[in-house]
Amino acid sequence: MVKVGIVGASGYTSSELLRFLMCHPGELKIEMVTSESYPGQRVDRIMPNLRGLIDLEFEPLEIEALGNRVDVIVLAVPHKVAMSYVPEILKQGLRVIDFSADYRLDDPDMYQGWYHVEHSDPEWLERAVYGLPELYRNEIRKAELVANPGCYPTSAILPTLPLLARDLVEPSSIIIDSKSGISGAGRTPSATTHYPNRESNFMAYNIGTHRHTPEIEQELSKIAGEAIRVTFTPHIAPMTRGILSTLYFQLKAEISTESLTAIYSKFYEKGPFVRVLDPGEYPQTKAVAGTNYCDIGLEVDVRTDRVVVMAAIDNLGKGASGAVVQNLNVMFGLDETAGLRIPGMMP
Amino acid sequence: MVKVGIVGASGYTSSELLRFLMCHPGELKIEMVTSESYPGQRVDRIMPNLRGLIDLEFEPLEIEALGNRVDVIVLAVPHKVAMSYVPEILKQGLRVIDFSADYRLDDPDMYQGWYHVEHSDPEWLERAVYGLPELYRNEIRKAELVANPGCYPTSAILPTLPLLARDLVEPSSIIIDSKSGISGAGRTPSATTHYPNRESNFMAYNIGTHRHTPEIEQELSKIAGEAIRVTFTPHIAPMTRGILSTLYFQLKAEISTESLTAIYSKFYEKGPFVRVLDPGEYPQTKAVAGTNYCDIGLEVDVRTDRVVVMAAIDNLGKGASGAVVQNLNVMFGLDETAGLRIPGMMP
Amino acid sequence: MVKVGIVGASGYTSSELLRFLMCHPGELKIEMVTSESYPGQRVDRIMPNLRGLIDLEFEPLEIEALGNRVDVIVLAVPHKVAMSYVPEILKQGLRVIDFSADYRLDDPDMYQGWYHVEHSDPEWLERAVYGLPELYRNEIRKAELVANPGCYPTSAILPTLPLLARDLVEPSSIIIDSKSGISGAGRTPSATTHYPNRESNFMAYNIGTHRHTPEIEQELSKIAGEAIRVTFTPHIAPMTRGILSTLYFQLKAEISTESLTAIYSKFYEKGPFVRVLDPGEYPQTKAVAGTNYCDIGLEVDVRTDRVVVMAAIDNLGKGASGAVVQNLNVMFGLDETAGLRIPGMMP
Amino acid sequence: MVKVGIVGASGYTSSELLRFLMCHPGELKIEMVTSESYPGQRVDRIMPNLRGLIDLEFEPLEIEALGNRVDVIVLAVPHKVAMSYVPEILKQGLRVIDFSADYRLDDPDMYQGWYHVEHSDPEWLERAVYGLPELYRNEIRKAELVANPGCYPTSAILPTLPLLARDLVEPSSIIIDSKSGISGAGRTPSATTHYPNRESNFMAYNIGTHRHTPEIEQELSKIAGEAIRVTFTPHIAPMTRGILSTLYFQLKAEISTESLTAIYSKFYEKGPFVRVLDPGEYPQTKAVAGTNYCDIGLEVDVRTDRVVVMAAIDNLGKGASGAVVQNLNVMFGLDETAGLRIPGMMP
């Protein structure tokens, strides 16, 4: 029995994590949840979907006293805050999965460049493992600190992996056009998340400046063995959950949709949560809603020697909390799919 | 191990039933699914959310050959068709849960009055049990034929039960104003379900003529011990899932919101899927999305001596397929909550 | 040429008012708009739908200097603030239409009871005219101060008027079940308007305590000639615009849907913005989106001697800004329909 | 007074055209509307938003008798049908605007290649003018037959024009990622437009095979002076109206967002319906809902030497019926903006 604590547990990623863990067959136990916003309140009063299913109250955080109570901390606090907590928690012999961006980039200068603050914990930054099991399963197994990937990066890296690993496309040609649901903006109301502003509305934001860009480039560069820069355009779509990323690549040589699909299927035959669709099938966000799956489809555009690859994830599932459960399973030697073979809610 | 067959399995209620059964700990096994629309096709190609999670193909229906293969048939065919299948299936010694309206009304004349066709199977009509465990748990346990309730009736009966059972309201005063998601109209496209017609749109339909009316009145009359007529107004809301029913009752005597809530809580303390909210809390459809729960809240309007009671269900969950699983659990002596203590997907 | 100033012009009701006035044939001119939030900014940068269509900047409010610049002020500030501005503006000889609730109730005690603050301007409260032309066309014509009605009250009073005026229903039986779009909550983000909280979600709020209740009761009581109390349940629907109110009345005598529809048609044959639908037609919110129309349909429930009447309005149109234009037209002797015979945007 | 007839008038493009024409100051008069689906029925019973605003019935089509009644026919019938009507109508001396794709491509072989049917009217195909006034204002002025552009092409050509005209980008680098509302699929219900299939769902379709591709390539090739092939990926977004196209171009030389925006502003300073946003502003579909505007914004991605250009239109406005009104204005010598300076409905 692995005892799990969640620090900063009142946001969407935490409520989704609690939902996933309730479907877990039992080796993972939610031992404690902390919240600065709702200390002393029952979890199921703040998250009405959990009503009657969880008998816990939010606790105030006593960071020095975590060691005796749990085996692993899932940290769900904002970036900058995370790196101020992590060393203290690790010191107590706990393992940590961090939802924030603080430990995702290898290079503290790159962190500073994109986040406009100096990284306060370069030692652990160096030792942290990027929590994408499809890339780092072995490292995650023994990691003390796992940096859970961003939602956009997961939706961009998984569909790109086979192309770069097989040297099929021009690394400089990568364009990522992503469409995200609004829950990605979190639980705090703002003009961006105001219903009348978003309903029936569609727009891009942060072109060329989104902070997930360096994370995508870092991982793709490692696979390609050369420095890669991508054009990444995030959009906000009128829906709560889901990301569909549409990626464009210049092919190095002619290949058919069928052959390329076969390469993807082979590549991901072991990866339990990447589902490669048949030629002619395109992924849709609703088919993965509430799950840890990433659905991938592709189409070769023979007229322009490009391939268009699409990946659908739930930003709160494979893009966040599902990935945490997958990482927990890997870290603690459980079946990697435990609690995660749940169908999406459709329609 | 109970072997379950689903006849007419390509609609929303069946895909939702498959989803619930995949979360079932194991005593219920999906043995076969039939479909006239997709014979020979893999289930997970028609229902993309189930991809990789179910290894079955739709079969054509051979109604005489069901007996050897399964223990129970869930019948998901239109009314009129259902009553032409049921006797044949029961003859083979199988038990049946019927999604349709064919066996819900006690009186064949009432059936004919509302459905404009003579009931062809009055014998089984008389023996069928109305599949609301909150009312008929003991009868369902040994029933050969269970008529699964309509979605609106479930959302109307559960919040009315305590008031009539405790003789707190005027039986002639009941008004039911229901708001439903669009999946209630099923999988077949029509002008009613056309996205541009429904998005950002709200309207009522079938006032005073909806076929769920007699079902509601039959069950409420039995509880009240007198013939009850209700005003029932269904509406269609711009959302896929969920029913919120708002019910109005004239109180027989003064009572506070707190006292009445306490009566509800006591009444449903044993019913595992009715969650009575605290005074001041109102149910919302999203908190029960994808679940078998019915959330109930109420408010006494002291200025008019009325009580307003609200019930939220998922029309495909407690209003359809969740109820089937609950009935299967009861019929086969399993834990009534097996596979059903799943949190709703929220946000 | 009537010169119009809008005070507090950055909210939804003001942007909608500007939209309506741009379609006005020309006798009404937007002379100035004030905003505390955006002083000095171009209106069409804050309201991107107006881009290139209006050449004005938001001004800071100088309340003593309004008199020289405009003929009428539309006041779009919160209640309590409104009553602190109104006397000063009227003193300058301007006429005023007030969006807020401050001058809608006749009785200062009732105002204090529902708004929990003493009314600071009882003199003008007594002289203010309730801005529903269907009731007070003649009074509005010469009014110095018009209190623009609330959105729910408009959707409740118009469908009730013929029934009370013709003494067809029991005044004590009135139940109003209203469903509103989210723009009714205004431009300021909150948990209530947070997209992930509202999408695919439906719930009631403020049962028996909504501040539009006394406004509805005041006007219905005047028509009935007796004190009326109603049960009013507002709901929030997953859509931006529109209110559908479903009203329930106990009939005093038997009448058919057709006869009652004929009575409504006759009653509103002169009222240019109430459209009575044919028997069997039900109003839908999208048919009135962006307009000043109120669509009314009804159905007699012969089984229970009740009549169900439905009214659809745009909460920002006939429920707010369309009504202001209609009132401006009446106040300044223009064609009452000028600028308002605009079709709704559908689909 | 120009008398306008609409043939095939019961679809969304026609109802939207009627809506626009009702806001027209008067030189354009709707003289007749035909419909095979609703002959003899009042227009405002089929299109409830027009109730009380139009006093016409749908007529059956008598194609030989059009000449006496109107000056211009707007043809709103499917492709293939259109080219069977057009010669007959033109023969009667009427002018024609065709909503379909039948007269948009210059080359009958290309038509046959993409539409899989031989073009039956190559003579008129050659004489037809592509109805994008931003490109062909002078030709439209005297055209007998105007082919109204497709919605996607309008959203792709307008933002590309300045770049190709000024030779700023690599013509072979163009990638168009378009997101469309569901009304683009028309009024006929299908699985694609079924509300539960689309709500909260996002997916691509017809990659590399969409029939708007040759139309885009034809017009861009003419501007560039060389044959251009583009990668075009249409997506379907969970909203009724609007297209946001995000376009990617490789820059030939370094340029700043500010300088490039200035080039666009200069380029479109005369085009009354293209609104170039300020640097840092991005277009959103809701700001153009119900209008004939095309909002364009751009961002240079200095890290990859690409420029990302976004264009927002209403697929039923500038993408269809607004464009028809603009073309009618140009064809008949009216103010090009007459009836079209209408603000979008927002929120």
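Annotations for the structure displayed:
Which chain is which? They are A, B, C and D, in the order written, and residues in each are numbered from 1.
The rule we apply is simple: a residue touches a chain if its C-beta (ideal position, glycine included) is under 8 Å from a C-beta of that chain, and two chains touch if they have at least 3 such contacts.
Since the model is a prediction, treat every value here as computed from it, not as a measurement.
Set against the Cα centre of chain B, the chain with the most distant centre is D.
The chain pair with more C-beta contacts between its two chains, of A-B and B-C, is B-C. Separating the CA-averaged centres of chain A and chain B is a span of 36 Å.
Work out the mean CA point of chain B and of chain D, and you get 46 Å between them.
Rounded to a whole number, the gap between the C-alpha centres of chain B and chain C is 39 angstrom.
The set of chain C residues touching two or more other chains comprises 12, 183, 196, 199-200, 239-241, 284, 286, 289, 347. Looking at the complex, you find that chain D touches chain C at residues 12, 15, 18-19, 22-23, 45, 47-53, 183, 199-200, 240-241, 275, 277-278, 281, 284, 286-291, 293, 295, 341-347.
Those residues of chain B that touch chain D in the shared complex are 12, 182-183, 187, 189-191, 193-196, 198-200, 239-240.
Chain D meets chain A in the complex at residues 172, 175, 177, 179, 181, 196-197, 199-205, 207-208, 229-231, 233, 235, 237-242, 244, 246, 248, 282-286, 289, 299-304, 306, 308, 310, 312, 347.
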